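Starting off with a structure, shown below.
Naming follows writing order (A, B, C, D and E), and every chain is counted from residue 1.
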Amino acid sequence: GCGSSKSSSSGKADSINILVWEGTWSEDAFKDFTKKTGIKVNVSYIDNTDTIISKLVEGNANYDVIDLESAYVKTFVDNDLLAKLDNKSLTNKKNIADGIPAATGDEKMEYTCPDMAPGYTGIVYNKETCPIKITKFSDLADPKLKGQVAMVNSTISLYGAALEALGYKASSKKESEVKEANELLKRIKTNVKAFVGESAVSQLENGECSVALCWDYITLCNDSKDNWDKFAVADIDSDYEMFCQYWSVPASSEKKSAAEKFINYMLEPDALAKCYKENGGAPLLKADVIKSYLPDGYYDNPAIAEYEKLEKKSWCVAVDDDLISLMDTYYTELMGED
Amino acid sequence: MSKTIVSLMNVEKWYGDNHVVKNMNVNIAEGEFLTLLGPSGCGKTTTLRMISGFELPTMGMIKVQGESVEKKEPYQRDVNTVFQNYALFPNMNVFDNVAYGLKVKKVPKDEIKERVLHMLKLVQLEGFEKRRITQMSGGQKQRVAIARALINRPKVLLLDEPLGALDLKLRKQMQIELKRLQKKLGITFVYVTHDQEEALTMSDRIAIINQGVLEQIDTPINIYQHPKTKFVAGFIGESNILDAIVLEDHDHKAVIGMEVGRGTVEDPDDSLAVNDPVSVSVRPENMLFSETPIEGFNLKGVVKEHIYVGNIIKMMITLNDGTEIKVNRFRSEDLADIGKMVYLYWELDKGVVIKEKHLVNTDAVRDIEGGVADDEDE
Amino acid sequence: MDKRKLKKKTLSVISKLYVILIFLFFYAPVVVMVVFSFNDSRANVVWQGFTTKWYTKLFQDTELWMVFGKTLFIAVVTTLLGVVVGTMGAVGFMNAKFKGKKLITNSIYFPIVIPEIVLAIATLLVFTQGGIDLSMGTIIIGNTTLVLPYVYITIKARLVGMDPSIEEASLDLGANRFYTFMHVTLPAIVPGVMSGAFMAFSLALDDLIITSFLANAETATLPMKVYSMIKKGVSPEINALTTIIFGVSMVAMLAYLIKELVNMITIRRKKARSI
Amino acid sequence: MTKTNEEQLLAKPNKRKRKDKKSFKTRLASIIMCGPISVWSVLFIILPIILLAFMSFMTKGPLGRVVYKFTFENYAEMFKPVYFTVIKQSLIIALWTTLLTVLLGYPLAAFIANVKKKTSGILTVLMMLPLWVSGLVILYSFVIMLNKTGVINQFLLNLHLIKKPLNLLYNNFAVIVGMIYMFLPFAVLPMFSSIEKLDKGLIEASKDLGAGPVKTFMKVTLPLTSPGIFAAVILTFIPCIGYYMVTDMLGGGTNMMVGNLIYRQFTISRNWPFGAALAMVLAIVIFLMLFIYTKLGGDLDDLGA
Amino acid sequence: MSKTIVSLMNVEKWYGDNHVVKNMNVNIAEGEFLTLLGPSGCGKTTTLRMISGFELPTMGMIKVQGESVEKKEPYQRDVNTVFQNYALFPNMNVFDNVAYGLKVKKVPKDEIKERVLHMLKLVQLEGFEKRRITQMSGGQKQRVAIARALINRPKVLLLDEPLGALDLKLRKQMQIELKRLQKKLGITFVYVTHDQEEALTMSDRIAIINQGVLEQIDTPINIYQHPKTKFVAGFIGESNILDAIVLEDHDHKAVIGMEVGRGTVEDPDDSLAVNDPVSVSVRPENMLFSETPIEGFNLKGVVKEHIYVGNIIKMMITLNDGTEIKVNRFRSEDLADIGKMVYLYWELDKGVVIKEKHLVNTDAVRDIEGGVADDEDE
């Protein structure tokens, strides 16, 4: 039941509350952690980073570990919402593959620790059914794609992509530029069948859509080998959004050491391998560390290679209040459009 | 009163396993005021609903104006109903309620107005046109319901206990008004009530129903004075009913024996035979008493109580076997004191003979007749 | 057969057909849900083959059962609270007269008519402004507010149908108010209480909006879990769980129906024998 | 006449004394009974709405914190054309849903009201049971049914009724179907109770007076069951505007409803004051509707079946 | 009948602005059978509820057994009520209903059983213990309600139209049973009804209430024969009430003038004075007619209708100004034919004088008296 959350910070925690994205993690891995340390893990799932902010700002929700998007790290750090991590206790950090970037706003990784390899918001298309060849972002507005496009509904992903496609910076706060991006998105919207929160897998798989601007090419590939030949990421002239996820501990947490124990555990190869087996994903750890834990042929997944390629052609912005509210106003207008 | 306008032929009605109307045969004449009278649950409403066509008979046939009711929908007939609880449309005012039937028939507006106002005048509700139904008292509602039905100039008007909810005073008034309307308009009324006084006051004929069976149909006077069955005798007015067997029968007179004594009744057409089981019904106001035995009678009882009802005094007299006999007298007449022993008798023509089967202990009756009865005094 | 009877018959057939169609609409998704609990695909959008593995998984998935247990706990406590407060209130308001009664009795209806999200937010405001930490308790409070009007209304309807003089009769016969409430009022409104409880339980069991706004970190309910899965595809495991819940309620209802049927038959028999 | 006037004059000075006397124990009993629900409704219904009203006049601060500075801006904001389109869309969806729900629900309600009591109880429970289990899972079943390779398209393709799969999902059609599914049972209940309450004698009276079935329905049945219909309208229309899950799941999120808008203010945009202002306006509109409803002779109790 | 057990002193009851009971003063003696009689809505139930303590008087005081009702809760008193609609507990069977009061008082089980069975026997419901309330007929329910109240051996039993829902036949039976029980147990009955015949049959005294005002409280005979107000005269039994003024007054007789003619009444204590406005009430059975004028009378009318009610025939006679006069005769008596003109009169002691203010056109009365009236025929 309730009430167990308020054990003191000095004493041993018997449970921690974590807030993570659905479809990435394995609850078996969490259970192993409990088995090992006796610390129970209460999992809540995010559907939006902004939700976390609301809950943290209001201070009513007591999370000990959160699974934070790169774009928000700066905001969180600037507003003192995160606690500094004790890097000494994160012994498994050394397993992390080289080249995993630090988040803007926490370049020294004092507050955050990567938990997944970077992902990309790319244009995924069905090779068989997509009627046109997509070479640029604005091709999504092609009338031939009417009713065949799925898109994520995150404002930064949408406006960033549009801004980049127009040759501006994804983090632009200039009204005129954002407005132009909005016009582009409006044109695309006439083609959009569905805006999706987290995943366009079902829309792509069941043939509802032939193109999607989405986060989960890798999930798609993991879901079934058939998809390996069926779907591909479009090669366009502008960059794609890169996003990383980081473990972090809210400043309000009273169980920091337990939280760090958890983070460290989740950097163990067998724990991560469990998650990959369930959900797929590019490995965060060095290949020699984790390969033995993964099924044979795991690295044959075309998404892994594709993601390596995309790393050089990507952008990543840190969002702040002004940016969010600017985009949100336009987003509302965009959605209000018939 | 001549032509038959409604006729029920061998009508039976079952509700599931419940036999509600049993082999009913009635002919109702044009312009007649027929009352269906009977205790609660006897099937009056059901009969009425079959005539109006809201229920179909399970067996048998009902004809209205020579045509079987099954052929037409209720809304295609010249029959209207005044429902027991008025069933006025609460969403319309008085005028609209009364006008409803005409509006449905697309009568021109001017004519509607004229006829409604005339109708309201007839039921003494001028000036009430704009009133909402909720603002009307029970008696007024009832008159609206009547006006609403009458305005369609039906050939037959069915009325289901239209006065049931009114208090005595108002009911009396409305009875008279209704009867007048019926005479004035010459409409056939089929009227349901369980109030026998109402039935006696208003009807041309009364049909007495008991548990779905038509017990007797006749004029009020005949029903009152010559009930055919014990049920009718007991139901209409107060009555002392005594079960007996015929002991002797000569000179158009029959001596009958009960378990507590003997009495004499008329038998003008010599239809009684010795040993026939019969019942005698004697109204309280016709029951006489004397201090000495009367010839042909041998019924002894003790006065238990005097009850005052207005200007009438009811004497309760208990016979030897506990049977209670009611005797009504006016205040001005002589009474027997409480505790006194009296002999009961009646004028021969006031003892109504009912030929219905019943169980009487024949031996006990003969014993009494043998003259043993005189000894036992309290 | 004559025309009227024929007309009646056709009408009744048409209306029955209509009702069957509507119920088909009601139950088609249920059937799909049940069928897809046997689907061999994680994303569970396309049928990929028959499997019972989700049931196996479900029975080992303590986590999911825990979530379900919490959901059930919240629903049960909410129902109890709602029924107790609602019943007392409905009974109390029948003959109470005080200033502000109208405001309160009218406000009881608000949760039905204002959108749930507005209620959720407004309630959250009370807790945040009052410095009260979110917990299972806050979820229960929010849900109770949501179900209270339904309980109140069903019981009130029952009370309106109840003869108020039986309460007075009890007092008249020397029973005090508590005895009267327990022995006379309560038994008379039991059907209302039951249907109110049914409503309350079903609302609380399936509530998402209020619960997710008032939930703290430890508490996730089944609807919250389902919602977090929805965009990616609800796991057939969830289908399996709901299928089981649905099955249990169906069986309960069938049992009730059979009991009724048996009752009816015995009554018929008795009747037949007595005739 | 004059007599009663006199009496009234005589009685006037005592008017203040004329309060209902009640014994202490009666009062105590009524306090115990009414206490909990009164406290509850003050704390968790009235107070929240007051707070919401209060919040709607505050200012948005950084990170979505609320700054306690009085402003009308949140209300002014609503007059931006952006929000008009959102409101318009919500209204269109809500109106269609309401219309169809009432049209579909009324005959069902009439049917349930006219069968035996026991049967009607069973039908009601059967009607509510699918939502009892989980509305969301059921809605997800619609996704499974309506998509291009879904059950319905497969069925129609196999029967060769169609050549190409139909677009059933992620459009207003799907949203309206989902909404109808979610709200139909709740709309049927009040209509059921008002049809059940309708005196059947009135229908017979109308027929007796020569009105056919259609006329009787239009002139008697419909006007007299209108409170039930209005209650159904309220119970469909209002949640329709506020319930964002259906648009999210079945509409593909291409259209924003007022519910989504409010939801976004409290989560994604983190503009609580503006969200509160939106919620307040919605609440006020609803209270107005309720006011009209009760003025029309509606009974609030019908809303809860 | 000696000690006062219930007394109402200057009792007033307001419901909001509605003045329901007005300055009521009544003393009820131990063992008395007092009936509250009046039209619907006159305040009978309210009065009863004040005695039982469910309502408190707005002003004034009610004492039961010498103690003010306000002092005790309803459940602490020796008063029991039989509610209008029985108010039986639907969730209990007959036994449990009757036993309720004893169970509450924690009477030992054996004693409860004995007393309940005895009580059920008293109301003739032996063998019904296990029956559910829903399986009982109206009359049976009513007896359960009485048994349930009586078993507590109250000092005062309040009965609110206990027979209202029963049909005539059953009502008559129950009236007699109730009256017997009351005599046997010696309990004070306060009995509410709006059926005047019931009141006349059963009561020791009747209190007649009209719009919250106690119009008259007296024995049935006095109420019937000497109504004090027009309301009482009109409410109790049928009556012809004529407004008049006193024209002459001598020899203990008064000649009174109405707008349509003249009549004579007794004035034994010479309490009338010339020009006093009075009303005369004459029962239909006391209204006489003749073909020739009778001394002291000058009322002419035309017979409009004969109405048969059982063995009574009502003649409706219309006076010149449209007033309707009812005359009752037995079937055996002579009648005047319809359309015939007759002179109406009454035996002097049968014209009851009521001294109440009213408006009569004095000039018109004098004109008539002047002897002009004889011309206008038709």
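To be clear about the criterion, a contact is a pair of C-beta atoms (placed from the backbone, for glycine too) under 8 Å apart; a residue touches a chain by one contact, two chains touch by 3 or more.
Chain labels with UniProt names: B, E = Spermidine/putrescine import ATP-binding protein PotA; C, D = ABC transporter permease.
Remember, predicted model here, so these are calculated numbers, not experimental data.
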item	value
Other chains in touch with both chain A and chain D	C
Chain pair with the most C-beta contacts	C-D
Mean-CA-position distance for chain C and chain B (Å)	54
Between chain B and chain A, distance of the C-alpha-averaged centres to the nearest whole Å	90
Between chain E and chain C, distance of the C-alpha-averaged centres to the nearest whole Å	54
Between chain E and chain B, distance of the C-alpha-averaged centres to the nearest whole Å	26
Sequence positions of chain E contacting 2 or more other chains	73
Residues of chain D whose C-beta touches two or more other chains	20, 25, 143, 147, 149, 266
Multi-partner residues of chain C (each touching 2 or more other chains)	45-46, 227, 231
For the chain D and chain C complex, residues of the former touching the latter	20, 25, 29-30, 32-38, 40-49, 51-52, 55, 104, 107-108, 111, 118, 122-123, 125-145, 147, 149, 151, 181, 184-185, 234-235, 238-239, 241-245, 249, 259, 262-263, 266, 275-276, 279, 282-283, 286, 290, 300-301, 303-305
In the complex, chain A residues that touch chain C	1-5, 15, 17-19, 22-23, 27, 31, 42-47, 58, 60-64, 196-199, 201-202, 205-206, 219, 223
Contact set on chain C toward chain E in their complex	163, 165-166, 168-176, 179, 183-184, 187-188
List of chain C residues in touch with chain A within their complex	42-43, 45-46, 63, 73, 127-128, 132-137, 215-220, 224-225, 227-229, 231-233
Sites on chain A touched by chain D in the complex	48, 50-51, 53-54, 57, 75, 79, 147, 150, 153, 155, 189, 192-197, 202-203, 206-208, 321, 324-325, 328-329, 332-333, 335-338
